[in-house]
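What follows is chain A paired twice: with chain B in the first complex and chain C in the second.
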Partner chain A sequence: MDAIFLQILNGLDKGGAYALIALGLTLVFGTLGVVNFAHGAIFMMGAFCAVTLEKLLTLSVKVKDESVTFFDAYKETPYLELWFGDTGTAIIDWSVPLSIILAVPVMLLIGIVMERSLIRYFYKRPHAEQILVTFGLAIVLQELVKAAFGANPIPQGAPDIVSGSAAVGAIFGLGEAVVYPWWRLIYLAFSLITIGLVFSFLHFTTYGMVVRAGMADRETVELLGINIERRFTIVFGIAAVVAGLAGVMYTPVLPPDYHLGMDFLVLSFVVVVVGGMGSLPGAVAAGFLLGILQSFSSMTEVKDIFPGIDQIIIYLVAVVILLTRPRGLLGRRGVMES
Partner chain B sequence: MSETKLIGNVSRRTILKGSAATTGAALIGGTFPMHFIKNAHAQTFRGDPGSASSVKLGFNVPQTGPYADEGADELRAYQLAVKHINGEGDGGMLNTMKPLELKGNGILGKKVEFVTGDTQTKSDAARASAKRMIEKDNVAMVTGGSSSGVAIAVQGLCQEMGVIFMAGLTHSNDTTGKDKKRYGFRHFFNAYMSGQAIAPVLLDEYGNERRAYHLTADYTWGWTQEESIKAATENIGWETVNTVRTPVGAGDFSQYITPVLNSGADVLILNHYGKDMVNSLTQAVQFGLRDKQVNGKNFEIVVPLYSRLMAQGAGEAAKGILGTTNWHWSLTDAGSQAFVKSFGQEYGFPPSQAAHTCYVQTLLYANACEMAGTFAPWEVIKQLEGFEFDGAGNGPTLYRAEDHQCFKDVLVVRGKENPQSNFDLLEVVKNVPRAQVEYPADMFGGELGPYQV
Partner chain C sequence: MSNTKIVSPKKDMIFMAILSAVVLTMPLWLQPFGAAYPDLMQKFMIFGIFAIGYNILFGLTGYLSFGHAAFLGVGSYTAVWSFKLLSMNVIPALIFGTVLSGLFALAIGFVSLRRSGIYFSILTLAFAQMSYNLAYSVLTPITNGETGLQLEQADPRVLDRMSGIEADASLPTPNLFGIEGIGYSGFYICAALMLISFFIYLRIFRSPFGLKLRAIKSNQNRMGYTGFSTRPYLMTAFVISGMYAGLAGSLLAVTDPLAGAERMQWTASGEVVLITILGGVGTLIGPLLGAGIIKYFENIFSAFNDTVLLNAFSFLPDWLAHPIASVVGLFVGEGWHLTLGLVFMLIVIFLPGGIMEGISRLSRLLFKREKTEPKSDGHENKEKEQTSAGEV
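== the complex of A and B ==
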């Protein structure tokens, strides 16, 4: 029972990240009709917003390290600590949450620039060409990040106060031993809130409603004199912000490296396909569903019966869905169907 | 050009002396007189620099992919080794390694040049890159790599093509065990040695009543390390609760770590390397494993193969964790110091264990050629087989003839609690003597294969 409970949490947590990335992917597909393979790279760049801010906050004065005698080595003390003492240390400690403030405008800008300067030229081109150009873009972005930050993962700590584990077992009456890291619980809450905000924006604001109308019938909306293209550009920016924030918040869970985006991209695409291309609730539901399935399939008890199932489960689901219901769980009739 | 000249000279001389009319006739007839050519009966071989003034070596390292930083460090070490062999810089280990016939004038008087390739940490890419080096660039030797999968693949290719492969960082027992090759040589230590070295320290630190849970990277290296560490820990009385294979590059290991919490285990052994190890260790710590008490004991995490680059990636999580390493820059023997000094002055930071093994491998190959007096691989192999040396950083070392595995001291290290500098991340707990990690040559099976292919 304890194990199942923990795997559900794991699945929800992982599913949160999948859902956030897939949400952006499906939003872009639904509005602009573009299959964006650079979306994983956007997630990765969000994570590197956190790395950048941490590097800026920990800019240090270098003092020669006398303990190293073979060559010139340096010890480093961050300026923030020198100038502000404990306040400086606290600011550095909170660098990941603070990165959100940096990441929102940066990711919005990256998204808009990406759409205006490259992606918009591919709206009318076949999907295969969109995939090629966005995949190429993803490779360029990740190589740039590698050139700047190296290939090794760069650890990012959660603030001290939430770096330990929560005794979730005690809350649910499962015993003291059942613990779960605070930050992962925060991540789950964060993903639910972000998903809620995106849905509210699309459903309860006029702007969002126009966007949805554009998704359903672009021509009619344009005939009404609305510049739908500009709104879709903003939607692309919002998708970039959502993926970017998902990346920022994920850094304490997984030390980011330049390849982080690619690791998530394929899974997120499967999520979108399973959920239904262009369907927002589908992306969210499939994200959590596949996250949980992945977690359960890696339990020893399951692996004893189906060896290696943990590595193929997601693709197995995708195959079954494509064979039996090509438009995905919640996809609109006609999408991906002949 | 030189051949024409030779023929011209020979002809002129023979005509002038008038003593070899038959040779002249033969020349005119297009048949070259064999007794004028040195080594006329020697066999040809790939990578033969012939009469060129330089010899080329192939450095095949991961320049992209998850081990790119390690590959970059290997490349730095190779460039330094080339410098030293060619007589530039301060000479590094050329001043400390014994016996050594290198004179600082290249190899056999030929300047050393190199080409580089990218293994991408993928067996097929590594083989393709090695093949290109051998066929297009005519390299006399291939070296490098940071994965056992790659090492075994490239070693197989080198055996087929008759070019010596001096393995870089590879820790699987198979490299010099079931997959050993006549043309492959490994200076780095292996999983079995890690087990033998770390077990007594684990016994001292954590006692003999422990229950271990293994998470293992699902490929040759992970499997052999799991097997070796399991055997070594069971030997000191530990029980193995479970061994779970994880896909390479899994990223998030949480679904593999949560079952550990209630498994009754009180030690987690991470048979992971590089990025996987950084992720699994960080996440295991996040799940509170190190603050946990099980069976009345503190829960412990062990990383059998440790490196400074990995400790850097894992940050805080690496502190206090035990593991083994082939070499560490803080060693104070003359060889290590000479190398760290050269490397530090050149690049501004100390070398990694990957850099060390690659540097030493290059010197060992160069020296063996010098000893053999030829680049003919079968002669060079014979010099490397059974070669005993010292002054390269791990005490007296033997390149065992039967399996091409180096035997030397192994280090047990611990993530340092209070690092003094950016590089001061591991402390040496014990320098385990070579005798403790030795094993019979036939223990892991395998056949070396022929000298000439």
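== the complex of A and C ==
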């Protein structure tokens, strides 16, 4: 029972990341009709927003270490600590959550620039060419990040106060031994909140309503005199922000390196396909579903019966779905049903 | 190039003869380019085979597979196992590698070809990732996991032992009845195989079968209306291209008997897509050109480092040389993939027909008056793509 509970948490947590990336992917596909292979790279760049901020905050200067009296010792002290004392240390400690503030405008800008300068020329080109050009873009982006930050993963710490584990077992009455890292619980909550925000933006604001109308029938919306293309550009920016934030918050879980994006891209594509291309609830549902399936299949009991199942379960599900229900779990009838 | 025109077999023979001459004299004319060493030339040949095989599928039928590296990997593993168990002779290794990848392609194609368009791409991608993940985890007894499959002194090598060939102190090398699989002799083995595969590929291009594949690309529905079931043709094309990939994979194992799972990763599949697009999708010779160019520049560019660059810019004043060298340094050496990505993007954006389209555009520009009917296949390709785009 304990194990199952933990696996569900694990799955929800992983699924949160999948869902966030897939949400942006499917949003872009639903609005612009573009298959964006560079979306994983956007996730990766979000993660490197956190790295950048941490590097900025910890800009250091050599100061004499007063605690050593035998000889002249120097230690690196961040400027922030010198200037603000304990407040500065706290700011550095909270660098990952603070990166969100940096990541939102940066990712929005990256998304909009990307859409205006490249993606918009590919609306009418075949999907294969969209895949190819965004694949090329993904390579370029990840190589740029590699040139700037090096090839090694750069670990990021969660704030001290949440770096431990939560005794979730006690809360649910499962015994004290069941613990789970705080940060991953936060990640789960964060992803749920972000998903909620995106949905309420689309459903409860006029802007979002117009976007949804444009997804359903672009021509009519344009005939009504609305510049739907500009709104779709903003939507692309929002998708980039969502993926970027997913990347920022994921850094304490997995130290980011430059090919993080490629690793997540394939998985999130599978999530989108399973959920149904262009379907937002589908992407979220499939993200959590596949996350949970994956964590269950990595239990030793399951692995004893089907060795290696944890490595392939996601792809296996995708293959079965594509063959039996090509529009995906929650896909609209007639969308991409070839 | 005249894809749809009937080309007389004689012309094809002349073409083959010229190609053979060009390929076989590579060690001579590549000298001035600094590429005339066997390792690199073998790579040209191997990735040429991989790319022309891929072109049979992607170029002719328009099905974008993102999982071809899986077949390359299967070919490599099979070849190394053949070296380990049977003999260091390359012939069984190549045969087993090709056949097994063909069977593997049959299984994957059977499932993946039920869907078309982007779903086909994702299905092949899913299968390739499955193979990659399994090769790293459960299949470790077969693939030796992260270390990669290697030859050992104590391998059985049944056939070799039966014919009295014992390994001496050093590890045995793959050979063709005593001709070494590395060095210049190795290059000629690869070149011969490449020419044979190219000949088969040429025949496929010219055959009615090839024409049907092209019909599938231009309009699958209409093809169905005329009474052809497209599936068997697609299936055959998929298996053939899988076998080409397997052959390339086994040749990789011949040049360096070590097989690792990273050959199956989806970015490796991306590489063959890059090669084919760069050279020219659906053109006869384009993929070969693409393979040569990418492998050449990969080799040359990767060799550049900061010192070389600083030397190259030493004629400039110091304050200028350093920044320029560091900017250029982004694109060469470690950053060679950046250049590749940029070039690839530019090609897809401006020149979807690849280098071959560029050449035909240039020649049209230069010999405008002489040509009464400008019929280049880059142009035709574009038309085809547009029609298929209209249907999506």
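The definition used in the following text is that the second predicted complex is superposed on the first by the 323 of 338 C-alpha atoms of A that agree within 3 Å, B and C clash if a C-alpha of one lies under 4 Å from a C-alpha of the other, contacts with A are read in each partner's own complex, and residues count from 1 in each chain.
We take it that a contact is a pair of C-beta atoms (placed from the backbone, for glycine too) under 8 Å apart; a residue touches a chain by one contact, two chains touch by 3 or more.
Because the structure is predicted, anything quoted here is derived from the model rather than measured.
With the C-alpha superposition on chain A as described, chain C and chain B clash in the combined arrangement. Judged by the touch definition given at the top, the superposed model places A:V266 against chain C, while chain B stays out of reach. When both complexes are overlaid on chain A, the residue A:K14 reaches chain B alone and has no touch with chain C. Once the two complexes are overlaid on the shared chain, A:Q311 sits against chain B and chain C alike. After overlaying the two complexes on the shared chain, residue contacts for A:G225 are found with neither chain B nor chain C. In the superposed three-chain model, the partner touching more residues of chain A is B, compared with the other of chain B and chain C. Contact with chain C, but none with chain B, is seen for A:L144 once the two complexes are overlaid on the shared chain.
Looking at the shared chain after the overlay, A:Q294 reaches chain B, while chain C stays out of its contact range. Shared contact residues of chain A with chain B and chain C: 146, 311. Chain contact summary for the complex, chain A toward chain C: residues 35, 118, 121, 124-129, 131-133, 135-140, 143-144, 146-147, 262, 266, 269-270, 273, 277, 307-308, 311-312, 315-316, 318-319, 322-323, 326, 336, 338. Within the complex formed with chain A, the residues of chain C that make contact are 62, 64, 111, 114-119, 121-123, 125-127, 129-130, 133-134, 136-139, 266-267, 270, 273, 277, 330, 334-335, 337-338, 340-342, 344-345, 348-349, 352, 385, 388-389, 392.
Listed in rising order, the residues of chain A touching chain B in the complex are 2-3, 6-7, 10-11, 13-14, 65, 67-68, 70-76, 146, 150-155, 157, 163-165, 177-181, 183-184, 252-255, 257, 259-260, 263-264, 294-295, 298-300, 303, 310-311. If you check the complex, the residues on chain B that touch chain A are 64-69, 72, 242, 244, 247, 249, 251-252, 254-256, 258-259, 261-262, 275, 278-279, 282-283, 286-288, 291, 309, 312-317, 337, 340-341, 344-345, 348-350, 420-424.
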